[in-house]
Structure formats: structure tokens, C-alpha cells
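Two complexes follow with chain A in common, the first pairing it with chain B and the second with chain C.
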Partner chain A sequence: MPGAGTTVTGGIEAAAASAPERLLPWGRSLPATWGLYLSFVRLSFLKFLAYRLRYYTGVISYTIFISGHYYIYTALFASSAPAADGTVSIGGLSLPEMITYVAVSWIGRSFYFNNIARELSRMVTEGEIAMQLIKPFHLQTVMLSEAVGESCFRLMMFTLPIVVVIVPLFHLRGPADPALYLWTFLSFCLALVIYSQWNFLVGCLAFYLKNIQGVLRAQMVSMDFLTGVLIPFTLFPHWFQTAVQWLPFQGISYIPVTIFLGKRPGNELYHALGLQLFWAAFLFILARLVFRVAVRRVIAQGG
Partner chain B sequence: MAANDTLPRGKTRSGWSLFIWQIGIYTAYFAQFVKSRLAYRMDFLIDTLAISVSIVIQMAVLTTLFSKVKALDGWSFPEVLFIYGFSLVPLGLFNLISVNLYRFSDQYIIQGKMDRVLLRPVGTLTQVLCESFNISGLNEILLGSGVMIYAARELGLQPGVGHILGLVILAPGAALVYAGVFLAITSVTFWYEDRMGLAPPVYNMIRFSRYPITIYSLPVRVFLTFVLPFAWVAFYPATWFLGSPGFARAALLTPVVGLIVFGGAVMIWRRGISRYASTGS
Partner chain C sequence: MPSLIHVENLSKDYRLIRKREGVGGGLVDLVRPRHRILRAVDNVSFDIAAGEMVGYIGANGAGKSTTIKMLTGILTPTAGEVSVGGLVPWRDRLQYTRHIGVVFGQRTQLWWDLAVVESFRLLRKIYEVPEAVYAEQMAVFDKLLGIGEFLHQPVRKLSLGQRMRCDLAAALLHRPRILFLDEPTIGLDVVAKESVREFLREIRDLQGVTVILTTHDLNDIEQLCRRVIIIDKGKVHFDGLLEDLRLRLGRRVRLTVDLREDRTREAMQTTTEGLPVNWQPAEGRHHVAEFRRAEISGAEVIKLVVNACPVSDLHLAEPDIEEIVRDIYRAAGKEHA
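Let's turn to the complex of A and B:
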């Protein structure tokens, strides 16, 4: 193959070095930039719409996850001794609250989930990253836009069907205050930003590691644990609860779900949302900086 | 290993000679695989890391649950831990040969690799399974055994020759159940291209087959025992070691269930092969 094996580094590095300029390459106005990224949201939505059939069996998977945990927690509550007033409460949650916790955390996961880490590492390993770098967009913002588009699709074609199946199946009851639905949704939207930016950071490891598959799998299994999807934090030993409070992961599942359960009355609600906002902004900026440094390592194959 | 040298033209094999010859093929495949994999030692170590993390997480979940109760529906922490540890051994055995079952539709049907398989004088299933040898299954076998031994010590079980013999019989039997279930799902792609992806929800069910099935309602128990027999991959065989009354005897049926499920799946596979029409690419 003629041309294959020719190494072009200069062009890429130059492109990377001028990253801030690339955001507005032709003196593009801010609304125009927003409009362009919005079109990535739309395109990603349409792309996933084409593969919607795949998500039908996903509804079954999520029903299995929620049902399995329903049985585990039912057995757990049946096996523990009731308090003086005859009620059983584990980690500050009653059994109906626990079932709601499980259901809402998985329902939320069906909305914010995406594969940015895998996608970014694939681009780096296969060299497609070079093509992304010469485009007049910032890859991080493009991937965030695509994640938003994916989640819009998920909300309509995946989360909603799951809700339709799960709510009657487990006789779930929502909060008395209807405003909490809105706050929970807003909280899950912030969760989406935190989740996608964390994933982007993990994907950046592909610039440094030859084989990232193991890391991706390890983070995949740890995520559901650290976000509070597998077990509510209040069941953990005290030291572990303190530890997870200093991590961004609680903003992905534990915070939105406890908002839904009405466990954050008054100002605690705003504190929780503010904390999520902080982590979203922090991880976004961190990912920007890490990407800027990591991208200098790209050596692309020409041809 | 030149497997073709062992097959003179125009000769057919039967009985023992066929069996010995098949074993030779497996060995050749495995040797070839080990050679190709030795170049990627890091992959194996990274896989060890990933599986270790998942085991640590699972143990953290169980520890947290059991920090709230003494027993879950009458099952103690070490007992549940033992069932979990056992479940990893057949899963590891199955993972040694399972990768191609997940990507069969894409690689063999849509991309047409199946044509090449059909041209060779070796069984189709043998080829498809052997072409996906994945040594990282050893991780699950070793780490699962570790968890099992730890739990057994907590339970005060004295491991004897009988236990090892039981493991050698029950674990492959349970692995056959996995193999049968996923082979059957894969075979369906001969009729319907697997656009729907039936394997993921079934795979996701595995994690709940590691809990004592007594926590589930009767319909779920019946389903896991007779319809999608995942109760036989972990719970029933593990109870033989635990000596749980009522279940320990059923555990001995595990190899029989494995043979039935796998045999049934092979029949579906053969029917599928007979109606296979290439994409022509």
C-alpha cells in the first residue's frame, strides 16, 4: 500500500497546539457555535433512532436487574429483626422506599448511560482521532453533544418503556410533591454531564495505555457500585460513606434518587444540586485540560 | 500442528478413531491459540485485574448486605459466598470457548466466515468454539476457587478427595448448561439475524442465579429450574458441597441437566446449519 506507514506528526501537533483557536476557526459567532453543536445532538439522536430495535431487549435486561434486586431486598428485610414499633428499616429506608430506590436508580441509569470512554479509546486505537482533530470542533464538546442526543433518544425509546413496565409491576408510588419530579429530572440531567465527562477522562487513558479494555471493564463494574446503583450508600459502613461523599460518583445516581425519595428537604435539595453542578463543571474543565495534554501524544499513520 | 496431515484423502473415520482424531484437533487449536496469545501476556494480566475488581465489588455488595442481617432467608454469609465462588468456576470454563457465540451473527453469518468453516473436514461447532479460545477464563476458575476455598474454611468444611471429585464432575456439568443456553440462543441466528440481541438479557440474568433461589418467588424458581435453567449453573451444584437438605441430592443431576441442555442446543445448531444460506460475499 503506497503511503501507508508514512508518519505525519507535525500537522497533528500543530492542530493540537492551536486548540483554543479551533473553537472559533472562521470568526464564528457564539450562537453559530452553539447551533453547530446542537446539530451534533440532533444527528446523534437520529443515529440512535435507527438502532432502536436493539433497545427492546434492553427493557428486558433492566426489568431483570430491578426484579433481581427486588427479591434480594425483600429477603433482606424479611430476614432482619423489626424495630420496637414493628417496622423494619435498613439504612434509613423502609422496604417500599428501598424498592423505589432500586427502580429509580436503574431507570435513571437507562437515561444517563453512554459509552464515551469506549468510543474515545476506539478512536485513539484505530487512529480515527486524527480525522477528528482536524475538524473545526472540539472533540470533547462534540462527544458531550452526542451524549445529550443519545440520552434524548434513550429517554423516549428506552427509559419511558422501562417506566411503563416497572411502575405497575412493583406498584411504585411517586413523591407527594410534584415538584420533586422536576428536580429529579434536572438532577439526572446533571448526572448525565458528570457521567459523560468522567467517561471522557477515562477514555483519555487510551492515549497512554496500549490496552485499555481491562481498565474499561474494571471501571464499568465499579461505576454501578460507586454511584449507588447497586446499594444505597446508607447501607455502607460509616468510613465508606464519608469516602464516597468526596467523590463525584454520588452525583450520578445517589443524589438524584434520594431527591426523588424526598430525603433532601429544604435547603439540602439546593446543596445537593449545587454539588452536582460543581462536579459537572469541575470534570468538564479537568477533561478539557487532560485532553489538551494527552492529545500531544498522538502519532497518526498516514495513508 | 498440521491437523490436515492426519486426514488422508478418501478415508472416513468412525468410533474411537474419530474421537481420538477430534481430540487431536482440539489440541492443535489450543496449541495454536497459546502461541498466538503468548505475544499478548499483558492482555491476560489486564483481564486478571478486571475480573479481580468485579469479584471485589461483588464481595463488597455481599458483605454490605450481610452487615445488616445474620442470614439471608436462612443462608449464612459464607454459604452465599461459597455459591458465588462456585459459580465462577463453570463460568470460567464456559468463557474459555464462548466468545464466538456472542459474535457469531456478526462475524460468521453477516461477514460470511461460516463459508470457510463449512469447507473444512472438521465439525462446524468444534471449529466455531475452538476458534474463540480465550485463556482469560482461567482467571475466573482460579479466583472463583479462591473465593470457594475461603468460604469453605469459614464454614469449617474439610476439603477432601470427595469434594475435588465433586467439583470435577459438577463444574463441567454446570458449564454445559451455560454452553447449551448460549449455543441455543446463537443458533437462532440461522433463522433470524440477531438484530434484537437476545443474549444480553440472558447474560444479565446470570448474576442473579448466584443467590440462593429460595429468595425468589415460586414462578421464578420454576423458571430458573426448568425453562432457563440457570439454577443449575451455581445454586444446585453448590448445595451439594454445603449439604443443604432437599437440594444436595438434586445437585447430582447437574451433569444430566447439562448434557440435556447442551444436547438440545447441538440439535438446534445442526438444524440451523442445514438451512444455512451464505450471504455470498
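Let's turn to the complex of A and C:
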């Protein structure tokens, strides 16, 4: 209404016009919220589908990586002294278990991996974050939804091809209990939440640091150790094993892989999943709080 | 008129690192960085009523964008308050952004890799636009902006003009009460600029949206806004009607003359003897004169110069925003002196 205050003529309307303008309060219903974030999942899936070609080379590099570990561990086991019963085990794992550990870790990584930290820090340093802040949504939840969409894509176009190549190549054999496949998948889904929320937190550092590239690289390398994806925890010194028990990272790879290996019998399984659930929820809430504080430090680009 | 946007004593400081010189200085900087406070927005106050279209202008680095970013909830101010329809932009961001539309000319809010129409569908969900309103708005945008032609192209394949039209539509899809435009015509050619202005005029009349517009192009302001706020070095220097501004300043025009032989400034000044034309200090073949259109016409000045000197080239230019701002600033300085 151009010139609302001047065009109205009569009693009640004039009174209403002279009161200060109010913007109506507004909230999104729960179904609408789910609907919105599901559209981000869908769009992210479509986006990655458009770039699917670049993932085919990834299948080759993952295969080479797992092969490298295969030969290292085969040589290591061959040169190790057998125990009294004639079997060889390193860190509580036999050679087939060790190969399975490595393969499943990397298969899992091909599923939960994403670049949220780099993406968020890029948005902050390039000032593009402004375009996200002018929208009525939680950027954190949007990025989580996009990560889920990306992982759906990865599962179909990346993880499955890797499984098809790796399993016959190294004669991998899974657990006899079919339920363990389901629990492992569920556990990797929780891993995705933990991984993405941790990444979001790291990305928030960009609000405070001028150059975050070094931090991103350092955390990427240390994550491969702390999640257990590179080397099983049982090969590390005792103090390291104790330390990682108190960190969220074991929930990204070590827990799902040991579930797959059947190393968590009975209630230990539920305990492990519960621990993952706790870290997922904890990091989600922490990330939301940290973002709320960090966003006050947005610096304008230009005058 | 009741105010929709209330800004009071708004300030924003940036902390910049002041680098020391040399290797030693660099090492000291690592341990104890020195900071300098830059006040980008300094004690700014204004009120804007519903339905107004206000031009917010200033030179580069004057504090325009910083103000807009505080009004849109992106930046948190150092001091002062902003209340828009009872909401505080940076505090009530999720509530507030539902009611505003924003276009930053340098950036896009569309999803780069997706077809344009996917962005609109997503925006429909984000703002919970009812199906009927969505259809109505899209019809209006197609009629006024012709976005129907490239709805199914990915955003990255659009030209700048097409992208800007889509961005305008995207900012208005949910019928916001307030529209913030930061340099909406930057980088566009004359035709595209004109179509953007035409659209803004129509949409203002059609949907009564309140508009705050920053720009470098004085034509944007002249064709769209009745009221202008001029900001320089973070301070408001003028807030009033465009007509008043013009009356206060006159319209300054600059004539650039290239000669085939050298002349002194005095010689040039004698060509327009007794007239309100000001030749800038220069020697040689290149001279610049300034005058006000209200006092003397361009044709008259050109005729005098061409008759008196061997002119090789002429160029008549309107002042840009930077010069107007400088004028305002100078005028303010004189008042204080």
C-alpha cells in the first residue's frame, strides 16, 4: 500500500494507520519443516547426480588405497610370530579380520564423507554467507540435509560400485548374522551425522581465523587417525586407546566397523549405538549454539 | 506517517590489523597484533514509512552496504538500535527474514547448479508461499520480466541481465513487506538497467512494497525514489526529497575539451567571460570546465568554446554519485566553518 498513512480516510482505518506498523510473528509447522529440509536432501542429490562422472575415478583410487593396505598387512602377518595355538593376530585381529576392517572402513568413508567444513569456511571468507543469512532457515540444518542428500548419492554411485569391485577382489566375507548388516548401516548413518556436525564446527572457525586452509588440512589428517579409519585403535598405545574412548570420532568409523566385525556382542551393540546417538545429538546442539555466537562476527565485504 | 523501519544512533566498528613493517615487524605482529578501529557506520538515524522507496547513496566505502547488512540482519551493530515492524533484524533473524526480500547485485541467491525453476520451488517451500500466490507471482514476473524463457536453464548459464531478473523475482516471490536492493543495476547494460527500473516501478505500484535501494547510478535514484539519504564516511549528510537535493546543488555538468594546440587556463576562462563557468587549473591541450545546467545550457557553453578555440574533441558528462556526495560534504564543511 503506497502511502498507507495518507490515503485512508475514515475512523478505525485512520487509527490503525497511525499505529506503528508491525510484522506478523511467524513459525513453521513440524511437517513443513521436515518438508523443507527434505527438499534440500533431494536437491543436493540431484546436484551431485549432475556431476557423477568425477566419482568414477574415485572408485579406482579407493581400490588402490585398500590394495596398499592389503599388501602391507599380508606382509606384516607373514613375518609375525604365531601364538601358541598357531594363529597370527595383531591387535586382536586376524589377517582376514584386518583386511575386512580396512575395506569396511573405507567403504564406510565413501558413504559418510562430505566437505562441509571447507564449504562453510569458503562461504564465510568469500562473504557468500550473507546470502544464507537472509533466508528464514537454519543454515546448519540445511547443510546437514545437503550432506544427507550427498550421502544418498554416494551410496548409489560410489559406495556400491566400490563394494562390487572390492569384495571379490579381496575375497571379503561378511558376518553370518544378517542383522549385523542392518546395524552397521544404521551405525554408519549416525556416523554421517557426527561427521557432518563436527565438520560444521570446524567450518565455524572461519569466522575467527583469517586463513583456515592449514587448519582444514590438519584436521582432515588427524581425523583419519582419530576415527580409526587409517589404523585400528588396537594397534595404538594404551593411552591413545583410552583417549579416543572419550572423543566423538570413534563413532565415525571405529564403532560401525567393529559392529560389522561382530566385536560387539549382546548389549555392547546397543551401548555403542547409544554412544553414537549421544555424540550426534551433542554435536548437533553444540554446532547450533556455536554458529549462533560465531555469526555475530560476520564481516561485511565492501563498504 | 507511521514508520516501518526505525533506525536510531546506529554504529558499526570494524577492527583492522595494522601491520608493522619488515621481517621484525612481521614477527612482532604474530605475537602482539596492533589493531585499528574503523567506524564504518557512525551514529546513523532515520525512519522509513511503509510504501516508501528510498535511495541510500554514498561513495565506495561510505557505509552503505554495512547499513544494509545491519538492516537485513546479517551484521550485528556495535551500537544503536534498529526496529523493523517491531522486530530486531539480527536478533529475530529467522522471524524477520520471512518478511523481507534482498538483492545484492554482486551475488545471487539462486542455487547455482540447478535450473531456475528449482530455485523458485525451493523458495516457495522456504517462505511457505501458498500455491495460488505462487502461480500469481510467477505470472506477474513472467509478464514484467519475461523470466518464463529461461526457467529451465541452470543458473550458471544465465547472462548477468537474466540472472538479475531472476534474482529480483526470487526476492519478491513471497510478497515481502520490505525489499532491500544493494546495487541492483551494477554491471548491466543500458537496456537491462531500464527493464529492471521499469519492473521496480510496476511492482511498487502493484504490491506496495517498501524499498531501500543503494546504487552508484544516479539515474536509478532519479527514476525510482522520491527520497534520498546520502551517507559519507559513515555519517548521514542529507536526508530528504530528491527535489530539495537538486535545488540545493543545482545540477553540475562537466565539459571536457581536447584542443589541437596549447592554451592556458586563463585563455579558456576568457572564452566564457562573465558566465558562471568554472575552468579547472590546467595547461596544454586538455581542459575541463564545470557549470550548472540551471544557470547555463550545455549547448551555449559548447558554442562559445568551439567558436573561440581549435577543438578536436568534446565530452559532456553528468556528475556521478561520488561527486554529488563530495559536493554535499563540502557544503556541510562550509556550514560548520
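To be clear about the criterion, the second predicted complex is superposed on the first by the 275 of 303 C-alpha atoms of A that agree within 3 Å, B and C clash if a C-alpha of one lies under 4 Å from a C-alpha of the other, contacts with A are read in each partner's own complex, and residues count from 1 in each chain.
Please note the rule applied: contacts are C-beta pairs under 8 Å (C-beta built on N, C-alpha and C of every residue); 3 or more make two chains touch, one makes a residue touch a chain.
Owing to the predicted nature of the structure, the values given are computational and were not obtained by experimental measurement.
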Which superposed partner A:Leu186 touches (first chain B, second chain C, both, neither): neither
Which superposed partner A:Val215 touches (first chain B, second chain C, both, neither): first
Partner chain in contact with A:Ala32 - chain B first, chain C second, else both or neither: second
Contacts of A:Ile134 with chain B and chain C, given as first, second, both or neither: second
First (chain B), second (chain C), both or neither touched by A:Met156: neither
First, second, both or neither for A:Val165, with chain B first and chain C second: neither
Touching partner for A:Leu95 - first (chain B), second (chain C), both, neither: neither
Partner chain in contact with A:Val290 - chain B first, chain C second, else both or neither: neither
Dominant toucher of chain A (residue count), chain B or chain C: C
Chain A residues contacted in one complex by chain B, in the other by chain C: none
Residues of chain B touching chain A in the complex: 42-43, 46-47, 49-50, 53-54, 57, 60-61, 64-65, 67-74, 195-198, 200-201, 204-205, 207-208, 211, 215-217, 220
Complex contact set, residues of chain A against chain C: 1-6, 17-26, 28, 32, 35-36, 39-40, 43, 46-47, 50-51, 127-131, 133-138, 296, 298-303
Contact footprint of chain A on chain C as seen in their complex: 1-4, 6, 12, 14, 40, 49-51, 58, 60-66, 69, 72-76, 84-87, 90, 93-100, 102, 104, 106-109, 111, 113-114, 118, 121-122, 125-128, 177, 204-205, 208
Residues of chain A defined as touching chain B within the complex: 53-54, 56-58, 60-61, 64-65, 67-68, 71-72, 74-76, 78-80, 90-91, 210-211, 213-215, 217-218, 221-222, 225, 230-231, 235-237
